[in-house]
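So, here's a batch of structures to check.
One chain, chain A, appears in both complexes that follow, with chain B as partner in the first and chain C in the second.
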Partner chain A sequence: MKLAWWKLLAIPMMLYVILAGTLIPLKPGIYTYSPTRITAYEDEAIKIQGYNTHFEAGETKVWVKLVNDRMVPAHRVNVISETDLVAHFKFTKDFVREDPAFADATLIVDTPTDGYSIAPNLRLKASDVPNRFGVFMDTYPLTRLTQVDDFRLPFRQILHETIRNTFFHVAIWMAMFLLLLVSCYHSIQYLRKGDLVADRKSASLTSVGLFFGIAGLLTGSMWAKYTWGTFWTNDIKLNMSAIAMLIYFAYWLLRNSISDIDSRARTSSVYNLFAFASLMILVMVIPRFSDSLHPGNGGNPAFAGEDLDNTLRAVFYPAIIAYTLFGFWMAQLHNRYLDLLYKYND
Partner chain B sequence: MKAHLLATISLLLLTTFPLLAQSPMDDFFRSTGKIYTVLGVMVILFVVFIVFLVRLEGKIKRLEKQIKK
Partner chain C sequence: MAITFVVFKVFGTLEGPTRMGVFWIIMVFISINLVGYSFSLVSDRRRLNYYQLYDPVEFLIAKLLANIFKLIVAGILLIGLFMLFSAQGLKNAWLFTQIYLLASFGLVGVLTFISSIAVYSSNQMSMVTILSLPLLIPVMMIGMRVSLVSERMFFDTSTGNSLLMLFGIDLLMVVLSVLFISFTWKP
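Moving on, here comes the complex of A and B:
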């Protein structure tokens, strides 16, 4: 048996996605730290737990980045282990005059081997007695930090290792869009030429696309549970994609409820075009007008700039291609079944 | 028959999911940087592919029976 080249390509690509997607390590990051609020003029000890970090006594520096992009160093860093340290801060200046209650700051740990890791949402509380000592602290520019470029996945708060789901959850949706797009092409071909072969191809591709969509919803639900807290949030993109899946489910019902071959082909081809247009509007357009937990919504295109770095891209794009090729393979098997069924019933 | 089985399984999964939420499974999926959440997602993908194959095989079997008759 000889497999077609694109099936032979699908196998190593799928393997690459599984292996690279699970084995490329995460960049070091700050896992947790406490307390998350510190007050000026008091000696504060922040306990920091790192992830994939290599803290070293004497080498590791801890900074607090202020709103004005200047950094304040910890006056003492007590390294307990490679992933644990205690940093002592004493702020001798009030931070924000306009908002005396709290100011947002960022905690930064800098090691020579790992480079720097950041944790946002450190709250700085100004003292009740402003500028008691009248001393201005030394602050440093951000250029003091160590940059390390290596082939590792970015560490993100809350996401942690689940950033890898980009290759599984996000890529399966993208593959679904491609499959359904090709399905639309075949629907148009049927409507133009009246060739039932094209109609069957479109039906197979839609059926695989629906499966991919269900996989996308289920995997998204799993991912949401351990990052956003529940299996289903009222996020606009979730609800809209669920509606889109229902529209495609209706396609499947419609197709199975019409017994006459020609009217079934015509009706489902037209409905398929409508379904794809609704899918695009529901999932790609509407969420952009509203706030969403998904990246790239509420105005910005997805995966612009910070959301997808080069290491993620090196696995994410092959993942889309691998799933799409697998989808075509599945659709082809389904299509061969449909062809046999048609020939037999003729 | 197959459709009934599928419906039952998916219903079971849907009803047991919220139960999972209050169990030690929760801590398991959050441990070691939430890596098991990724594993869970991969298992779901695998299961969906398998369900597709099983359904297709069922359809082909039915056709084979028809042809034999």
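Moving on, here comes the complex of A and C:
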């Protein structure tokens, strides 16, 4: 029996994905801060809680960045521990003079060891009290903040540690699409040549694809619990992919309900192509027409530019390949079982 | 028709979204009964006779046309009954006609094809339902959405898009069935 090089490749890649995906630490970031709404002229103390951070007394600087790119420095930073600090601000009314309502601002913390971290959605209320403090306001360029390049996963608000699910949920879905696509190729081969081997291959690939689909739904459901709040939301993509899984369940039922080998192969090959076309409509086309919580829909960012940074890429792309190879491996084992069953029944 | 009486007895009167929802659900079950069994309610001998006489593609297109005719007539009866019982007409009849026709084509396209597939399975009756319902969901969802717009339940600027997409799905289903019928249709 000849050694399959791709299986040898699949094992270390899978190990790499699991180890790197679970063990690489997150970059430091601002976990929470309070209060999130402040009135602009008072002496405000903002309590900041960091994640994976190393706040140091004297070294840590805190700013509030305004809409017009001006930065207000904290006049006193009180470091409590490595992950907790209190920053005191004296705001003036000048910076929000154009807009008297709540203005959006961003909180920035800069430490020499961790680099800078950003927390959005700080709401500032303008005040009519004149500028009593005369605080120096600086247009501090972002480039002068400390940049730390290390091999760590990006810290994202809301996502936090669940960003690791990119390597599992997203990669499993991608692998599922590839498996089902190859399954369709074998179905077409069967319909063209009438070779039952191709039909059995397509059946194995579809079974593994269905398995991956269920795994994708489960991992996605867990991710939804920690980011959107519930295991199942009314998100269009969720419901559509659940329906797509139902279609593939129907394929499996259809295959098991026909006793004649030839008509089973014919019917299930045709239904497989039908199911793949429906899957494409359900998951790729229909969600485009309405809003979705998923990245890439309804104005949410997707895997472009900044969102998929290099550390994520270094694990995400191998993850897709690893899952696909494992899928083919599983399909091959299942296919051998089907072959034996076929020979035995003959 | 009996089910329409039952529905109106249960609900008392139907308005807005419930009216449309119940309408489409009844439409699905009508179409499963009318169209879904159109291949299986034929005896084996007659099927063999058809097989010898006609080209499968011609046969499928004839079935499609006949089924569309049947479903549209049944649907018009159903709409008539709904308007009679709920004592109010359609608010945007032209939009409703468009979506009604397109969704009917979709139902017929999917179910005719599924019917031709399910002939070979051991329990045809349940197989038609299991195979077709998930495939019908996209058609039904777009149908519901646009018919709610036609009932002025909410406003939607992308109705044209939805209609176009439904037309695309219909076309895809018909093209796929025509492509594959010569593979599946064997006595």
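Operating definition for what follows: the second predicted complex is superposed on the first by the 321 of 346 C-alpha atoms of A that agree within 3 Å, B and C clash if a C-alpha of one lies under 4 Å from a C-alpha of the other, contacts with A are read in each partner's own complex, and residues count from 1 in each chain.
Quick note on the criterion: contacts are C-beta pairs under 8 Å (C-beta built on N, C-alpha and C of every residue); 3 or more make two chains touch, one makes a residue touch a chain.
Being a predicted model, the structure only gives us computed values, none of them experimental.
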Tell me the contact category for A:L26 with respect to chain B and chain C: first, second, both or neither. first
I'd like to know which partner A:D260 touches here: chain B for first, chain C for second, both or neither. second
Once the structures are superposed on A, label A:L273 by its partner contacts, choosing first (chain B), second (chain C), both or neither. second
According to the stated criteria, A:I243 is in contact with first (chain B), second (chain C), both, or neither; which is it? second
Answer with first, second, both or neither: which of chain B and chain C does A:F151 touch in the superposed model? neither
Once the structures are superposed on A, label A:K225 by its partner contacts, choosing first (chain B), second (chain C), both or neither. first
Overlap of the chain B and chain C footprints on chain A, listed as residue numbers: none
Report the residues of chain C in contact with chain A in the complex, numbered from low to high. 113, 117-118, 120-123, 127, 130-131, 133-135, 137-138, 141-142, 158, 161-162, 165, 169, 172, 176, 180, 183-184, 186
Over in the complex, which chain A residues touch chain B? Could you list them? 18, 22, 26, 31, 51, 159-162, 164-165, 168-169, 172, 208, 211-212, 214-215, 218-219, 221-223, 225-227, 231, 326, 330, 333-334, 337, 340-341, 344
Residue numbers of chain A touching chain C in their complex, please. 191, 240, 243-244, 246-247, 250, 253-254, 257-260, 263-264, 266-267, 269-271, 273-274, 277-278, 281-282, 285-286, 289
As the complex stands, chain B meets chain A at residues 17-18, 21, 29-30, 32-35, 37-38, 40-42, 44-45, 48-49, 51-52, 56, 59-60, 63, 66-67
